[in-house]
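Here come two complexes built around chain A, the first alongside chain B, the second alongside chain C.
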Partner chain A sequence: MEASHLTDHISRRYNKDIEDLRNSVMTMGGLVEDQLSRAIAAIVSGDSELGLKVASDDYKVNNLEVNIDEECSRILATRSPAASDLRLIVAIIKTITDLERIGDEAEKIGYLASQLAAMDRPSDSYRELKYLGNHVSQMLRAAMNAFARLDVEASLEVVKEDDRVDEEYDAITRQCITFMMEDPRSIRRFMNVTWAARSLERIGDHAKNIGEYVIYMVQGRDIRHTETSDHFESPA
Partner chain B sequence: MEASHLTDHISRRYNKDIEDLRNSVMTMGGLVEDQLSRAIAAIVSGDSELGLKVASDDYKVNNLEVNIDEECSRILATRSPAASDLRLIVAIIKTITDLERIGDEAEKIGYLASQLAAMDRPSDSYRELKYLGNHVSQMLRAAMNAFARLDVEASLEVVKEDDRVDEEYDAITRQCITFMMEDPRSIRRFMNVTWAARSLERIGDHAKNIGEYVIYMVQGRDIRHTETSDHFESPA
Partner chain C sequence: MPESWRKLLVGLTLFLGAGMAIGWLYDRPETGLLIAALIALAWQVRQLLAFDRALRTRNFEAFRYGDGIWEQIFARFVFHSERSLRHKRRYRELLREIRKSTDAMPDGAVVIDTNNEIVMSNRAAKQLAGLRPKKDRGQRVDNILRDPGLTALLQSGDSEASIEIASPVRVGDWLNCRVVPYGADQKMLLLRDVTDRLRLNKMRRDFVANASHELRSPLTVISGYLDSIAEEPEFEEWRMPIAQMQSQAQRMQQIIAELMELSRLESAGRAGTRDVVDVAGLIASSVKAVQSRGTTPAIHVEADRRLKIRGNGTQIESVITNLVSNAARHTPEDGSITVRWEASGKSGLLSVEDTGEGIAAEHIPRLTERFFRVDRGRSRDDGGVGLGLAIVKHILSRHDANLSIDSTPGVGSAFRCEFPKDRVELEETAEAALKSAEG
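Here is the complex of A and B:
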């Protein structure tokens, strides 16, 4: 099924519940993006208070996940969706799990920012974490936009981008090891830097996962091969 | 709904498809347990070849995930399951995602084992990784057993156990930092140890997630609060 057909299908058949559900996912994505960008800002600016605020705000992301999850189960139970409706719900159930885990990583980065703020500051304000952080923020935004527009091409770009994030992460790790060997007193600090980098790299993985769910949602290999699926249209 | 009622319900209504699906999840769990125990053995015995074999076998886990995922979507589309049937499917969709990610972590541990095998060996054969590894292996097995038996009590134990895993992980990390500071030539090696420890800690997180899905599956707060759910029984 092509994206345009799927979009038509959605606009004709999805009722307000489904639209609300999609909007909730976008809201959750926006909240997670915000958490991530504040966590990065906390590292770059050495703002311990901001880092701790990000960490303590993670419950908001978790609450949204629980609400959306329950709404998905409710729609599955009461509307018996089939075909593309069903793929959307399954993709949402998976997407919000990844968004929740991006929230967890932002929480960790918030704590690390708070610890780094109390240590020696490098003259470049952790520029390499800022770059990597911006990179994965863009990936996350692109993944959520692709989700909103059911855009397979854009999703493939997100999936490909993850290799570049992994390369950046490897470079940061190698650099940290070099710094630690040169000055063992800096080990604790650079361990925190590598952990922040790893959390960012994981966020890239989660954004990639979301991109893959969009592709599944639009192309839906597994559902379109079941001959019986046409008999089970959702009661719109 | 109590566990015993849910079990009765399952035994009466679930057809062979559902039983096969549950068995596939247990098979996937067994494969992942095996991957994990071989990855730990590769670290402890310094067996580079075994480590690489674990890493190259990860595709088997991935294949099982895709197959089970497609089967879940097929059952959702063709049987329109409601209530406990639906919660089982949703829990399976989530469980196999966590199992697949445990497989990814085992793959990483396999690579790390291969790298550690080429470096200086400590006299204790990385005893702390062996302990942590056995700990999370037990958690994973307990989570899968709880899944098989729909055992909420056992699931709660798994969830609680994760705190002890986190403590062990923190202790290993602190120890590694101490060793690195004492002997900067060991930094690269102990970075690998901390990464292996972190992968094991993540596996504990995933086992905890599976425990939480079992609780959701049995207690199903979100479904049992919808008044309409009784009108949508699955066509057994």
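Here is the complex of A and C:
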């Protein structure tokens, strides 16, 4: 919607640099989303090969983070951006850190999937993890869409959504504890499930962070560590 | 000269002449001419200003144009402006119709420019992939649909290739994406919902795999008992039936093994390119294996030892064995089989030719179907299962290779497998390097 205001410089080259930077962040986002959905599929289908593949592919995300980071520093050093450009660069530097962390969590889920595949499988093939995973993937997708479209409303939705993810995580933990008390032999398995749920919940937090950076980037307001309800009264 | 011009010029001349004549009466003709000219000028200026006001206020009723040149100008202006308005309205109507028809399409269509920025998208694109028709205009399409595979497809510019991506809107749905050139330097991204097709395909694959798996264990029991009974049958007259049951059980086991190999091949992806396969060596061992099974026609081998394939060795061996044993089965013992492996242009060509009974042209397109038989009435005792060529075709497509079949009934058949140049490697031996240096 306001994508054009980013590319409003006298220097063509500067425009192109910033546009390229934005595009590579979206590419990185796409890669991370792909990693996450494959990790969830590995858990749900009990595919240990896929899980290990996800884990070994994490280096691609890391490489992209390093490249984008370098490009950001280069633009900061050579162009000394101001105002909205500066906010964009700052938001990108933060966003890619969170994306990289999401990649790490996906890597962890991949490992856990390969371990869970070797153990007994419940008849519902980890339905709760699938729901939580889909929920978190949707959140991440919405956050990256909001980043692409510079959409403040959608970012606020993502920030709000995190509470629901936390509730789902609590429910899964409680359920796992019940199962473990019923049958101590299943503790090892349910520990892994808890870890996977924990990773998914952390991904939700990172997606929320990305939503907050989008708001900062568009409006210049920092809404971290404040009550979300405040923002609905007076969206600037 | 148009009528209106003459009228204007004659009227003006008469008016000025009259002014001059009146001036003449008073002995001042110049003054009379001057006054007449000023009056004419004032009237024309008034008309001009009134015309301009009418244009600005669009209030044409108030404009008093009289008759003559001003009426002509005015009529022409009204005619043109109404015509352009009509055209504009028609174009707008037409655009709305086009818009409606693209929105009615069940497949998503996104027009993108050279930078992959969205120019236009229809309603299905919104329903399938969440692309908003108005708000996402100017966004890069791969910034909204961030699938790594799609980004690669957009960069490759290949209009033949297509990929499947997960729908970002409907969880669990799959979209088939294709990029086709459109207009001068634009492209169109086509999105089609293929969830049902993929699900059906998967169901069919799973069914074949499960069924063959389930059939295997009972069959193992049957052939196990048969083997132990066959050693010392209770009645001598059972010896023949038991031997036949044994051979049929073996045949069933082979069918099941090949079915399982087929379903494994179907779910496997493209063969890797890391391993280098020594085709000449595989041909030699396959020919030896076929010959050891019984009497065969003479087999000639002409293989280029330097030429290698990048791919899966076991699968290539299966291709060679299947083709050679097929040829051996359909060729009389006094016939001959020729196996060739050579470079043809930049690609590698593996061919198996025989002098057997040949295949009628109408059967050739169906040869690679599962369980297809040219002669339904023919006995199946020749050892063939009916899956060999289906397996060959699958393996070849996983190696980007082509299978072509030429045959003349009564003369013989030729099966040719062409491997593309990026799958083939020519190992330069010292001798060959020397030869090329001399040349």
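As a convention for this text, the second predicted complex is superposed on the first by the 206 of 236 C-alpha atoms of A that agree within 3 Å, B and C clash if a C-alpha of one lies under 4 Å from a C-alpha of the other, contacts with A are read in each partner's own complex, and residues count from 1 in each chain.
Just so it is clear, contacts are C-beta pairs under 8 Å (C-beta built on N, C-alpha and C of every residue); 3 or more make two chains touch, one makes a residue touch a chain.
Predicted model only: the values in this text are computed from it and were never measured.
Student: Considering only the touch criterion stated at the top, classify A:115 as touching first (chain B), second (chain C), both, or neither.
Tutor: The answer is neither, since A:115 touches no partner chain.
Student: Counting only touches as set out at the top, which of chain B and chain C does A:180 meet: first, second, both, neither?
Tutor: In the superposition, A:180 contacts chain B only.
Student: Which holds for A:24: it touches chain B only (first), chain C only (second), both, or neither?
Tutor: neither
Student: Does the superposition put A:48 against chain B (first), chain C (second), both, or neither?
Tutor: neither
Student: Looking only at chain A, is it chain B or chain C that touches more of its residues?
Tutor: It is B that touches the greater number of chain A residues.
Student: Taking the touch rule as given, give the residues of chain B at its contact with chain A in the complex, in rising order.
Tutor: Contact set of chain B toward chain A: 69-70, 72-74, 76-78, 80, 82-83, 86-87, 90, 93-94, 97, 173, 177, 180-181, 184-185, 187-188, 191, 194, 198, 221-223, 226, 228-229, 232.
Student: Considering the complex alone, what residue numbers of chain A touch chain C?
Tutor: Touching chain C: residues 1, 3-4, 22-23, 26-27, 29-31, 33-34, 37, 134, 138, 141, 144-145, 148-149 of chain A.
Student: In their complex, what parts of chain C are in touch with chain A?
Tutor: 130, 135-136, 138-140, 142-144, 146-148, 151, 166, 168, 171
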